[in-house]
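By letter and in written order, the chains are A, B, C, D and E; residue numbering begins at 1 in each of them.
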Amino acid sequence: MNGLSILSRGILLALIWWLLTGGDAASWWIGVPAVALALIISIALLPSSNLVWHEFLIFIPFFLLRSLLGGVDVARRAIDPRMPIAPTLFEYPLRLPIGLPQIFMANTVSLLPGTLSAELSTNCLTVHVLDCRGGFLAELEAVEQRVARLFDTSLKTSNGDE
Amino acid sequence: MSIAHFYALVGVGLISLGLYALIVHAHLLRKILAINVMGSGIFLLLVALAKRTGTALPDPVPHAMVITGIVVAVSATALALTLMLKLSAQTGCAELPDDEKE
Amino acid sequence: MTLIDYLTVVLLLAGAIFFFAGTVGLLRFPDVYTRLHALTKADNVGLGLMVVALAIQAESWAAVGKLLLIWLLVMLAGASVAHLVARGALRRGIRPWKQ
Amino acid sequence: MQTFYLALALFLLLTLGAGMWRVLRGPTAADRMLAAQLFGTTAVAVLLLLAQASGNAALRDVALVFALLAAVTAVAFVQRAWPKQKQEQEQPQETERDVD
Amino acid sequence: METVMVAWMFDSLLGLGLLWLAWQSLACSDLFKAIVLFIAFGLLMALAWVRLEAPDVALAEAAIGAGLTGALLMVALAQLQSIETNGDAAVATVKKGHCIRPLQWLLLIALSLMATGLGYVIISFPAHVPGLSTAVATHLEASGVSNPVTAVLLNFRGYDTLLELVVLLLALLGVWSLGGTVPQQTTTPAPLVLEALTRLLVPMLILTAAYLLWVGAHAPGGAFQAGSVLAAAGVLLLLIGRHPRAALMALPLRLILVLGPATFVAMAVVTMLIEGALLKFPPEHAGKLILLLETTAMLSIGATLAALFLGGRRHTDKEHS
């Protein structure tokens, strides 16, 4: 883990401390040791990942919009008297590198319209799809692209569609 | 009736429910739940009665007692669960032996 | 009531509708997987709208940040728990409902 | 405004009550657990509303603790308490009745 | 006026919901269902504390009720079921309630008499009593903190808290003396998503615990709440199969466990010698001394609760392997 990513993680934790305490300057007597301890534990627990921070600025609005649509979509189906759902299981071959990118993808997918990740095994994400008639595959591919950019990796080309 | 009285009555209800279940049920896990419900009822009674200060802040002394009470209750529950598991591992049954039948 | 207040009211009501829809889905949907869809997504959006509604009323930036942090944590926990429950259900051979 | 916040909190409490039906009904252990999850999220929303209604910022901390620990019970369930391949076969019957 | 009415509706629904959940939890046939209902009951209790203007209590209930209680009960039930399936169905015959019908009715009558009596006493209580709140308010200045609940816990009635810490320790000793040795772990690896969740949450839980410790001096929070949040971090780590090594379990854990009570006792002795009274702090140093006490108490409470969770698991793990 390099110095820069430790520093940025430390800043993030310090920012959270600031949020929690409402910016009280006197709180840093406890805040500094607490942030340091949390940082040490977090380094021990969580391996470094090359997150591209500025990509978040693009990812967040995309994610918020899609998850809002996800909520609208499922709410509509739940309230509609006919309950238009046609669920199916779908095995999506992941092209992201193993580790945090895949986990991030699995968690993101669960909040997007009509998809719920149900199993994450090596390079394969089993997705429960609420309505198999929709274009969920294009959605999954789009998310994968964006997650790849977020983690500064390229998708493996073994599937031939890159 | 004020809100304090209302919650205090709910507390009494919980105590009675818990006590009844504690006596009636044979299964030990259920007895442990029942004791916890009773405890919650007593805590509710204490905190509700502490609110009768009018407009001022509620009486902090019962609050402090209840906070420690909650933590002590959970550790007592852990001990009781261990005892239950120990008993059922030895007798194959998570119930107390019935005196009348034996 | 100022314009901000109206906005808060609208967003809060919208949030409440999503919570309602989530519960309807929990009650109506046919199997555990579809219910997970309803609960995770609808409640997440419902809470999100409420957080935004309350954030524009908040007294300081730190309070706004704390509200957003709460939402983020619920989102993380919700998505993870949904995955874990769906995974467990698959592994235990609970078959997804098909029409 | 205060009345409105409280009324919304009341409404959320009512949806919680409706969600209890799923806990009682099941049919699988996972369904019951889901309702507990619903309780967690909704309680966070209720706490935030109460915090706004009473002007007591400390209630946000309660909501924060709820949000942080919402997953612990579910994790305990998934990792430890979920019976492995026990007859959770009531599923098809229940679904047939629930459709249409 | 409307606000009061809506508040009353909220409170009635909450109160009745609490009673209903407790009743269902204690009466339903399925034990797992009973536990889920009990967890829901705990979550609603936290809302009741909020309505009763007891946010300190709500924090403690949220930390314990949402995290520890549920995990403890679920794990215990799973172990119980594995014992029962291993040890044949000889149990199934004695499942019925062991109380004879007429006695049950007698009990019901006695309990309703008790409840009516208690209810009558409560109704006849005066609506406004200052209690000890004025006494606390007048001495709050000298306590070293501005949150009255923390002042009561750590200063005015510090001896209570001291004994409470000892009780926690005794409970753990009880569990340990029943539990046997630390087992060899043979758990399957945790799902990746769960690993990631835990790794993200644990630093957050540590920060939050520290925050609750700090904020307890002037707003709701304090050592008990912070300790419970810390314990939740420990429980999460234990649930994904991250066990402390046996070497680490022995001495350092024991030191942390006694750190809180030991500091308290030391402080009690010192104040007795200097100030002439048990846990009577000089006002000018009270704030710092309370912070010291709270920090050690938090660590001990967190470690004790997490160890209680681990301790409950030991003996079945041993049986499994």
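In this text, a residue touches a chain if its C-beta (ideal position, glycine included) is under 8 Å from a C-beta of that chain, and two chains touch if they have at least 3 such contacts.
Because the structure is a prediction, the values reported are computed rather than measured.
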By the touch criterion stated at the start, how many steps lie between subunit B and subunit D on the shortest route? 2
Co-neighbours of subunit A and subunit B resolve to E
Where centres are the averaged C-alpha coordinates, which chain has the largest centre distance to subunit B? A
Which of B-E and D-E has more C-beta contact pairs: B-E
State, to the nearest whole Å, the distance from the C-alpha centre of subunit A to the C-alpha centre of subunit E. 33
Where subunit C and subunit D are represented by their mean Cα positions, the distance between them in whole Å: 11
How many angstrom lie between the centres of subunit C and subunit E, each centre taken as the mean Cα position? 28
Distance from the CA centroid of subunit A to that of subunit D, rounded to the nearest Å? 23
Spell out, as numbers or ranges, the residues of subunit B touching 2 or more other chains. none
If you look at subunit A, which of its residues touch at least two other chains? 16, 20-22, 83, 106-107, 117, 120
Which residues belonging to subunit C are in contact with no fewer than two other chains? 22, 28-29, 31, 36, 44, 46, 63, 66, 69, 73, 76-78, 80, 83-84, 87, 89, 97, 99
Interfacial residue positions of subunit C with respect to subunit D in the complex: 1, 5, 8-9, 12-13, 15-16, 19-20, 22-23, 26-32, 35-36, 39, 43-44, 46-47, 50-51, 54, 57, 59, 63, 66-67, 69-70, 73-74, 77-78, 80-81, 84-85, 87-89, 92-95, 97, 99
Going by the contact rule at the top, pick out the subunit E residues touching subunit A in the complex. 191-193, 195-196, 198-200, 202-204, 206-208, 210-211, 213-215, 291
How about subunit E: which of its residues touch subunit B in the complex? 7-8, 11-12, 15, 18-19, 22-23, 25-27, 31, 34-35, 38, 41-42, 45, 48-49, 51-54, 56-57, 60-61, 64, 68-69, 72-73, 76-77, 79-80, 83-84, 87-88, 90-91, 94-99, 104, 107-108, 111-112, 114-115, 118-119, 122-123, 125-133, 136-137, 148-149, 151-153, 156-157, 160-161, 164, 167-168, 171-172, 174-175, 178-179, 222, 224-225, 227-228, 301, 304-305, 308-309, 311-312, 315-316, 319
Quick check: in the complex, which residue numbers of subunit E touch subunit D? 2-3, 6-7, 9-10, 13-14, 17, 21, 24, 28, 32-33, 36-37, 39-40, 43-44, 46-47, 50-51, 55, 58-59, 62-63, 66-68, 70-71, 74-75, 77-78, 81, 190, 194, 197-198, 201, 204-205, 208, 211-212, 215, 219-221, 225, 229, 232, 235-236, 239-240
Note: in the complex, subunit D contacts subunit C through residues 1, 4-5, 8, 11-12, 15-16, 18-19, 21-22, 28, 30-31, 33-35, 37-38, 40-42, 44-45, 48-49, 51-52, 57, 60, 63-64, 67-68, 70-71, 74-75, 78, 82-86, 88, 91-92, 94-95, 98-99
